[in-house]
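Heads up, the next two complexes both have chain A, just with different partners, chain B and then chain C.
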Partner chain A sequence: MTASFPAGLAPGFADPALAAQVSFRAALTALSEPGCLVALGHGLAPPPPPLGPAAAALALTLLDHDTPLWLSPALRPAAAYLRFHCGCPPAAGPEAARFAVVTAAELPPLAVFAAGSDDYPDHSATVIVDVAGLRAGGPLVLSGPGIADRATLAADGLPADFLACWAANRGRFPRGVDLLLTCGPLLCGLPRTTLVGG
Partner chain B sequence: MTTDDNATLTPADRPYWMGVLARAPAAALETAWAGVAPGPAWHLLRAPECGLVMVQGRAGGNGQPFNLGEMTATRCSVQLADGTVGHGYVAGRDRRKAELAALFDALLQGPAGPGLMASLIAPLAAQAAAARTETSRAAAATRVDFLGLVRSR
Partner chain C sequence: MTGADYNFAYLDEQTKRMIRRAILKAVAIPGYQVPFAAREMPLPYGWGTGGIQVTAAVIGPDDVLKVIDQGADDTTNAVSIRRFFRRMAGVATTEHTAEATIIQTRHRIPETPLAAGQILVYQVPIPEPLRWLEPRDTETRRMHALRDYGAMQVNLYEDIARHGAIAKSYDYPVLVNGHYIMSPSPIPKFDNPKMDRSPALQLFGAGRERRIYAVPPHTPVRSLDFDDYPFTVQRWDECCALCGATDSFLDEMIMDDRGSRLFICSDSDYCRGRQGAGEAAE
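What follows is the complex of A and B.
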């Protein structure tokens, strides 16, 4: 099978049950140790660009027909792929989404996403942000639950007002959104409990 | 889903041929696939996977729907090199049959569609119809008519 196939659809996990468990474990690790970079998406056929392997693996693991998904405009070419494999309905806008996959450049203010309620903070959106670069030891200084002292992170391409947005998101705890930053096969969790300083 | 603007076969025909493929014997599909030469380039979008589907029934065909029970079904999706996507949904756990049904579904949407319709789908449908007639004939031979006795008062 060396023929090239059109990009709109691609195969999902070769072994859906096992691969989804591995990805879920990776997401748990990432969210419980913010700032820790984990790799995922091994063995996943290349998803339709510009969707990266880590973002695709997370989507295939976490999304199903109960989770309206919002894609930022640059990622719309992957809509058919995610719809086919996850069966997730498209959300009318970011405010209606349980999950969103966005590029860092198109990240809307976090306040537009569902933040849950004080009674049900879990009814909030989880936003998968595909950033231009992701590595440890950068300008962002993380602290909070899951971090021994402090962790440093470089996430390229986030909007200039990201720190202010994040502080506001942190300020409405227990409401708020959780971020999953991805770049290529790498994932870093940024749960709402994490303090981010510049 | 990729649809081909084919002059002869339309998406409206698709449920028909998918149904025929789903009911066809696996051996017949295997033989027919061996006859497709040269086989087109294709890959699996969704590998054959078994699952359960709830079968609903209606008493007398028009009552309230009720859940009759679950049955095993196998589905598979393939993509041809030209982008055409084929889906196969078959009863049972025959993964290879689901794969072949998906492949033929993809081929039927393309330029080979009318040819395959005549050479594969029509004979399979005729076979299925003949088997059905045979079964109902055998059943009809043992039919008991319960005549309503009119009781006079």
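What follows is the complex of A and C.
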């Protein structure tokens, strides 16, 4: 295997079936319990920076030839890695992407991503946002499906107008994009149904 | 022993990715039916092909699986699906609701309250609650998009006009998080209140109809009703003949050809647990 491996590319999951299952369960927990921090990407060889282990594990778990991927400019160095391991076609722009991996600093307005239609709200983008810091307890107060009462979250480096953008995203339910916030090995889900207060 | 000639949990990885993406969108849009490319499974439609595919996409070697069919762990469907995952994923199986991390169910919700971290996978025959009112998928899709649910309320009202009460006793439609009307699969309406704000994640798989939908934990699930005809569940004058339970869903058993009948718990694990507790107390 290693002999035919393209030079300079980090390897993917050592055991794809089992590692993808563990990563998927982490993503499922994150999206079904917004505000809950989960860790993933254990045992994964370091992906090409600035792609973090959680974002890389999500990509290896969920992407394939059916999912056009858009990378924000800072993450372009990881394009060859993701294309080799996932086989995902590059999207011409954020509007054509089924998945996007972006850094928080380069997060475009959420309205540019595909939001699905009222008839098919599942035809919408899932955006993996690599934030500068992620921890429970903080300025963001979350409520909605998956949250018993309320959850708190601190995500560093999100754009200043994020709360307004998110409120607009939530306001067009059932259309909307879903976010997966990652930082290193940590992951927190923000499905379109979550109400975020500052 | 796992089936060494098959991938872990039977399905190939590309199929699992496709199902996993559908499950994540289903969780993000509670009650919305996400279309997915259901595969042919080694059992006939109607035996839980949708539930099996959802379970196969979710299950890992550390999970403990429970499978019930109409509440019972020891019926053909439950036994064969449990054996399938023991062979294909090498997972531990159990009959105790509290020990399970994943519970695949056909037409019941266990009586023992579910806990946070558990996943309940429903086998669904007809996922579209509006299908008997409107046969065209393009139309029901529009109705869901516009929340055009008047026809469903009229349907329930016609029951009241005809029978004096809402006669639907299973597959009773629910409103999820105030938006989508959802079919809870043919569980008795007795189980509907257990779906409301359940701490467990609920996933629904319909194999023949190729739909996956979900209810995240702590999500409001309201059974449709009217202010003057509120939703009620079934009640029995009898108690379970085996464990004496008065709070569980009872099956009526015909005992002979002279009309004698017996009522016993539909949830076999709950009933056995109560019988064991009763013996221990004596």
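Rule of thumb we're sticking to: the second predicted complex is superposed on the first by the 190 of 198 C-alpha atoms of A that agree within 3 Å, B and C clash if a C-alpha of one lies under 4 Å from a C-alpha of the other, contacts with A are read in each partner's own complex, and residues count from 1 in each chain.
We adopt the following convention: contacts are C-beta pairs under 8 Å (C-beta built on N, C-alpha and C of every residue); 3 or more make two chains touch, one makes a residue touch a chain.
On a predicted model such as this, the values are computed, not experimentally measured, just so you know.
**Student:** Between chain B (first) and chain C (second), which, if any, makes contact with A:T193: first, second, both or neither?
**Tutor:** After superposing on A, A:T193 lies in contact with chain C but is clear of chain B.
**Student:** Could you look at A:H85 and tell me whether it touches chain B, chain C, both or neither (first, second, both, neither)?
**Tutor:** In the superposition, A:H85 touches chain B alone.
**Student:** Which chain, chain B or chain C, is in touch with more residues of chain A?
**Tutor:** C
**Student:** Contact-wise, after the overlay, does A:T126 reach chain B, chain C, both or neither (first, second, both, neither)?
**Tutor:** second
**Student:** Where does A:A111 make contact in the superposed view: on chain B (first), on chain C (second), on both, or on neither?
**Tutor:** neither
**Student:** Applying the touch criterion given at the start, work out whether A:P16 contacts chain B, chain C, both or neither, answering first, second, both or neither.
**Tutor:** So A:P16 meets both chain B and chain C here.
**Student:** Considering only the touch criterion stated at the top, classify A:R25 as touching first (chain B), second (chain C), both, or neither.
**Tutor:** second
**Student:** Applying the document's definition of touch, where does A:A167 land relative to chain B and chain C: first, second, both, or neither?
**Tutor:** Neither chain B nor chain C is touched by A:A167.
**Student:** Indicate the residue numbers of chain A shared between its chain B interface and its chain C interface, in ascending order.
**Tutor:** Common to the two interfaces on chain A: residues 16.
**Student:** Report the residues of chain B in contact with chain A in the complex, numbered from low to high.
**Tutor:** For chain B paired with chain A, touching residues are 2, 41-47, 49, 77, 79, 81-83, 85.
**Student:** Show which residues of chain C lie in contact with chain A when the two form their complex.
**Tutor:** 7-9, 13-14, 16-18, 20-30, 32, 34-35, 57-61, 141-142, 145-146, 177, 179-180, 199, 201, 214-219
**Student:** Can you tell me which positions in chain A touch chain B when the two form their complex?
**Tutor:** 1-6, 8-12, 14, 16, 84-85
**Student:** Under the definition above, what is the set of chain A residues touching chain C in their complex?
**Tutor:** Touch list, chain A to chain C: 16-18, 20-22, 24-25, 27-28, 31-33, 61-64, 66-67, 117-122, 124, 126, 145-148, 173-174, 178, 191-193.
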